[in-house]
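Order of writing sets the labels: A, B, C and D. Residues in every chain begin at 1.
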Amino acid sequence: MGAGSQKIINDPVYGFITIDHPLILEVMRHPFYQRLRRIQQMGFANLVYPGAVHTRLHHSLGAYHLMCNALAVLKGKGIPVTDNEELGAKLAILLHDAGHGPFSHALENNLIENLNHESVSLQIMQQLNREMQGALDTAIAIFTNHYPKKFLHQLVSGQLDVDRMDYLNRDSFFTGVSEGVIGYDRIIHMLTVYEGELMVQEKGIYSIEKFLVARRLMYWQVYLHKTVVSAESMLVKIIQRAREIIRSGEKLSSGSAPLDFFLSLTPQDSSGWLEAFSLMDDNDILSALKIWMKNNDPVLSNLSAMLINRRLLKAKLQARPFGKDGVEILMQDAARILNISAADAAYFAFTGEHTNTTYNPDDEKINILFKDGTVRDISEVDNALIQRSLSMAVKKFYICYLTGE
Amino acid sequence: MGAGSQKIINDPVYGFITIDHPLILEVMRHPFYQRLRRIQQMGFANLVYPGAVHTRLHHSLGAYHLMCNALAVLKGKGIPVTDNEELGAKLAILLHDAGHGPFSHALENNLIENLNHESVSLQIMQQLNREMQGALDTAIAIFTNHYPKKFLHQLVSGQLDVDRMDYLNRDSFFTGVSEGVIGYDRIIHMLTVYEGELMVQEKGIYSIEKFLVARRLMYWQVYLHKTVVSAESMLVKIIQRAREIIRSGEKLSSGSAPLDFFLSLTPQDSSGWLEAFSLMDDNDILSALKIWMKNNDPVLSNLSAMLINRRLLKAKLQARPFGKDGVEILMQDAARILNISAADAAYFAFTGEHTNTTYNPDDEKINILFKDGTVRDISEVDNALIQRSLSMAVKKFYICYLTGE
Amino acid sequence: MGAGSQKIINDPVYGFITIDHPLILEVMRHPFYQRLRRIQQMGFANLVYPGAVHTRLHHSLGAYHLMCNALAVLKGKGIPVTDNEELGAKLAILLHDAGHGPFSHALENNLIENLNHESVSLQIMQQLNREMQGALDTAIAIFTNHYPKKFLHQLVSGQLDVDRMDYLNRDSFFTGVSEGVIGYDRIIHMLTVYEGELMVQEKGIYSIEKFLVARRLMYWQVYLHKTVVSAESMLVKIIQRAREIIRSGEKLSSGSAPLDFFLSLTPQDSSGWLEAFSLMDDNDILSALKIWMKNNDPVLSNLSAMLINRRLLKAKLQARPFGKDGVEILMQDAARILNISAADAAYFAFTGEHTNTTYNPDDEKINILFKDGTVRDISEVDNALIQRSLSMAVKKFYICYLTGE
Amino acid sequence: MGAGSQKIINDPVYGFITIDHPLILEVMRHPFYQRLRRIQQMGFANLVYPGAVHTRLHHSLGAYHLMCNALAVLKGKGIPVTDNEELGAKLAILLHDAGHGPFSHALENNLIENLNHESVSLQIMQQLNREMQGALDTAIAIFTNHYPKKFLHQLVSGQLDVDRMDYLNRDSFFTGVSEGVIGYDRIIHMLTVYEGELMVQEKGIYSIEKFLVARRLMYWQVYLHKTVVSAESMLVKIIQRAREIIRSGEKLSSGSAPLDFFLSLTPQDSSGWLEAFSLMDDNDILSALKIWMKNNDPVLSNLSAMLINRRLLKAKLQARPFGKDGVEILMQDAARILNISAADAAYFAFTGEHTNTTYNPDDEKINILFKDGTVRDISEVDNALIQRSLSMAVKKFYICYLTGE
């Protein structure tokens, strides 16, 4: 699809995405990047929203596109950005999610304890940088916020970064939840840099409010939809059970060498994890589930079959914690239905919690630059919609349990 | 475009709109309804958003379409709605804006004092009802909230009526301000009736928040855009000046008999106004402006030419009132630039104010029906985005003035 | 809405349109350009497609936007385009339709004989060029195809010009006839220049086919919809009747001085027409119709009232001419219904014809540039959809007549 | 997401899809149907169009939605359709693709010889029918065209079936190739039944032309894009090689029991294939490729690694066959690059062909019903775009080969 040395990629969200630098093409051709094709952006959300099967690679391309637009706008406003900085920022955003593993949010911190995707992304960038003789130096400096022009990092990772703008847009688009759509184009046109920091011009206030409200809606309506919460919890339980079986000394294969590696991993020895990680994607998990459906262990086989066939645990979300007595009864029900032990029944009736914050100005502010030169946080403008009362994390409690149906 | 006895109308916003009742077709064919083709929905907003040239007729069709959808959803949920009620509600919404005059919001209460468009709509419906031998009885009862099933009136006129849903959608669509788009389809699917009142199911909370935020954004970013405020103020001043000239005894023709009628109208004698009103539309105003561009009076001719050629007064909006001294100086500037008297200069430098409320629960509540049967206002749900602090009317002050450019 | 010295305009079709040159802003601020706000792009098409009320100004902006994109693509492919040429091409497209009068296609060649809108556009450009001390020299050379780089003219006016691309897109968008949508973005990316001429790269073949088929569909389904044909014919008859009355020596005012000028114009003396023309728009016509509704002449008053109130003559289209006998009978019907003379009845029952060609390679070719360097016309590629048999003009005959309803 | 007993599913293409019959919900909950979640609709098209990752389940839901619309339109026109027929037609379309295997079009007729997906779909329906005590009798009769009302079968499978309408729409949507979009809503509104057969009303002619042209475009630009052709060919070669290895007596596991079953299958004994088939999806293939990347056989490992990492064979398409000599040279190149035998090199340089027909009236006609009661095929209407010359199958030849890059 190239035109001359450019490459043009069709994107249903933005139309056409243009790649016009050989280094970016080279990074995109690397297996580390191609692996992102096989990791869905929204995990199990497609069990509720069947269109939500887009990939991390697609999101990464979209965020890259918005970065191109944002830099063009800033340069058009006279903010100096060198060619090297531009390339660095584009590479940083392209690789910002390269560290996601299969069913990323569900399994994050789970395949390896205390290892989040940002730090894996960094290790992948560093590995690529070695292969490419330092070509990613600037990208890494920007990604890790060690680059002097702070606004470049803020575009990659901040309250208003192109990552969030793309995923809200893209997730809205593919789920069909049109209410999550944000005015990304307008927000980008309203961006500016003041005293080295990324800011939004005064007339962008309402677009920012809309952006935060869209994010809030997407969290509670989509990302933390009770059915998605149930499926993700089931996957976590399955991995936990597989580990338990392996630790007990039984042989258990997932059919995937890298996944087997992670299941047997001990905190004491994790050498070689990055290579294994880079070979793993959603297929390893799904194929394992399909194999484990036939396993002798009733916990592993039942949970796997249920997840594959979308016979999910029933889930409820509420503002207050669920009482212990109720959970106890539901565990007894599960034990009876499946004819399993009380301990094993804990895999089929359990509680948990999720939190989300609409906007937390203590974290990192969204600064509005007024025409008169003053700067105020979005929660401090006149007649603010986004008020400090929204800055508290909202906690929701969930319960998942087996029903006799 | 009919298929059998149905009529199908293409609508860029909703796809196809179906008309399937002869009485509705008859009302649509009436000159009172066809007049709405010649009145733009958003007045002078097209001076800023060039796509915003859609008509009141188009909005009326859209609101009718949403009414069809809403009634189908409610009936699907077992809420009893008779054929006669359904027809009544559809006719009521079809005619709800029939009383709008040219440049409606700008000139409302201006062509005739203390006459708002709702009361004119009612008089037009009553006139049609006489012509149609009482066929609009139910429609009028619903429109005036005298019909026992209160939710039918709430669909026509209330915090969540199909009128607002359509105009937010349609105005967003035609302006290109995509951020005003609302999840009308989802909101409609979440509607229900409880104890005779229109309510929203619990899981619709975030869509309602989004709806209120979209409305807030459209007000401050579009409807009350400073350039639109300037153009509308100029039109009001032009009409005021024309009246002044006529009262002074000079002859002044607008080229339009009905407009001349209104310009000469005295509060003492307004007989015949409804017929004149029903013959008037945006063309009468625009043609008058084009005639008055050549008038001897410098105030009338300058303002008219400026508005026709989009050489608008400069406008500013702010949260605090503008000081008298500043206005005085701007009036002197105008007097000098145009070589007119100090009194006449007041037409070229003046202040005013606009107010808008994001959500006022004292007005009429948006009730959320929870699964457990409780009912709470949207501003009283857990972790509410829409808080009482937003219920105050926000006042913004504007100033318009001539510049020497 | 400016950001720095740029001006950004919201467009529902393309998102944002950016103006970044002071000369373009100056031209846009001129009354000649602002007049295009008051001329609808699609005349009476809104009587069938109520959304189709967009203006010539809006289309002009859209075509300008596509010109910006096309030039950026060509420059990206290494085709040399100087700053002056770029500005010239943008100005030429911005003003290409400045010569349209009210209800352009209906009244073209009608208000002044043998005067088409292109030649008026040229005169308007020349007038502006005088006011602007030659700033439009290049634009005029491109518009009139006297500029050496022929492809610039082809972008303004040719089989694949940005004018057509925009109006197909925009008309589809506003009518809601989604089938008229074309892959403008893809076509533009496939454009190239070869031996000085505009061409399409091989891989754009299917997009071009689609473009020609979309145009064909828009013609027969929208532009030449029988109801639109009826309304436009009625307007032509009204103007014809008004002239007849004036020529007979009776006094007849349209309420608009410029329209009166044109109604009284004789081929012998047309001096001053350009100034009158530049003051006239759709409002002059519609206001005239509203005045003439009350005229004593039954032909003029009936036709005017019918058109204003959308009580149109019934219309039929077919592939063969309508027989004289049938028309005769319909004229007698009209004479009886309205109690008018046989001669006058010819205003209420008449026939006519329209032609359209899907693609005529004899006119101007759409050249496809193959990878091997050969050039072939779109109708001569392998397995061509667009065949020579489609190059004949298709003629359709219509009849319009009064019914007793 | 239910409202009452209804279930509402968000679809980015159509908005909301409503399921309102318990039997349809039951079929959707069956593992046979849920398997379709794990089979992408467009196979390897996402290697070119990264958004094209939607699933067969999603397409099936969409086709079901269009069937609901089409039946509602036909019933609205007075065509009798009983409740049982309506349910049958909906179930038939829901399951019409249930017989697709992993990477369906690539591997069809490949995993089992001479077994196409329609016949597998039928066997799956029959199996479900047994489980559900005959509830699918009508659905099967319609699917196999044994039901008396032929138009019901034509809606499921014919030149204008809802299957094609949905896949064109959906594939356009997810690829971002907006030119493939069809006026499905308009076509459906124009459907009618005449003498028992599905027809299109006269005024739908241009929409049908557009539909056929969109299909033609999607074939050559998307489905048979050279990169997609290359990837699919590589997969076929990989499966072929795996079989060759197994037949040679070597042990080779794919990690998937069902896939191993098919790889060892002999034409003599295929018992048990349906159960194995119903457990297999895209994951089995992709996981196998990831395992085979490490295989000792250089053909298997190289092809697998190349496909996983998107290092595809270079592909070319042309209208004439490729000469033997050229292929021979490319095979020698491959042998040299990979240091493999001449025989093995045939896996890395090979030719093939694809055919597509724009419209073949000999197959099944698209009948247009004229107002005067006559019926003509779309290729026989006046001034037809779709001419008999387009009815020949167009053959394109491709070559795939390894390059030294």
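By our rule, contacts are C-beta pairs under 8 Å (C-beta built on N, C-alpha and C of every residue); 3 or more make two chains touch, one makes a residue touch a chain.
Quick caveat: nothing in here was measured; it's all calculated off a predicted structure.
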| item | value |
| --- | --- |
| Any chain in contact with chain A as well as chain D | B, C |
| Comparison of B-D and A-B by number of C-beta pairs in contact, larger one | A-B |
| Most distant chain from chain C by Cα centroid | A |
| Distance from the mean Cα position of chain D to that of chain B, given in whole angstrom | 50 |
| Centroid distance [mean C-alpha coordinates] between chain C and chain B, Å | 31 |
| Centre distance in Å when chain A and chain B are each reduced to the mean of their C-alpha atoms | 43 |
| Residues of chain B engaged with two or more neighbouring chains | 15, 177, 186 |
| Complex contact set, residues of chain B against chain C | 1, 9-13, 15, 29, 31, 34, 37-38, 46-51, 53-55, 57-58, 61, 173-177, 255-257, 279, 283-284, 286-287, 290-291, 308-311 |
| Partner chain B, residues of chain A touching it in the complex | 177-179, 181-183, 186, 203, 206-207, 209-210, 213-214, 216-217, 220-221, 319, 358, 382-383, 385, 387, 389-390, 394 |
| Touch list for chain A against partner chain C, complex | 3-4, 6, 8, 15-16, 73, 76-78, 185-186, 189-190, 201 |
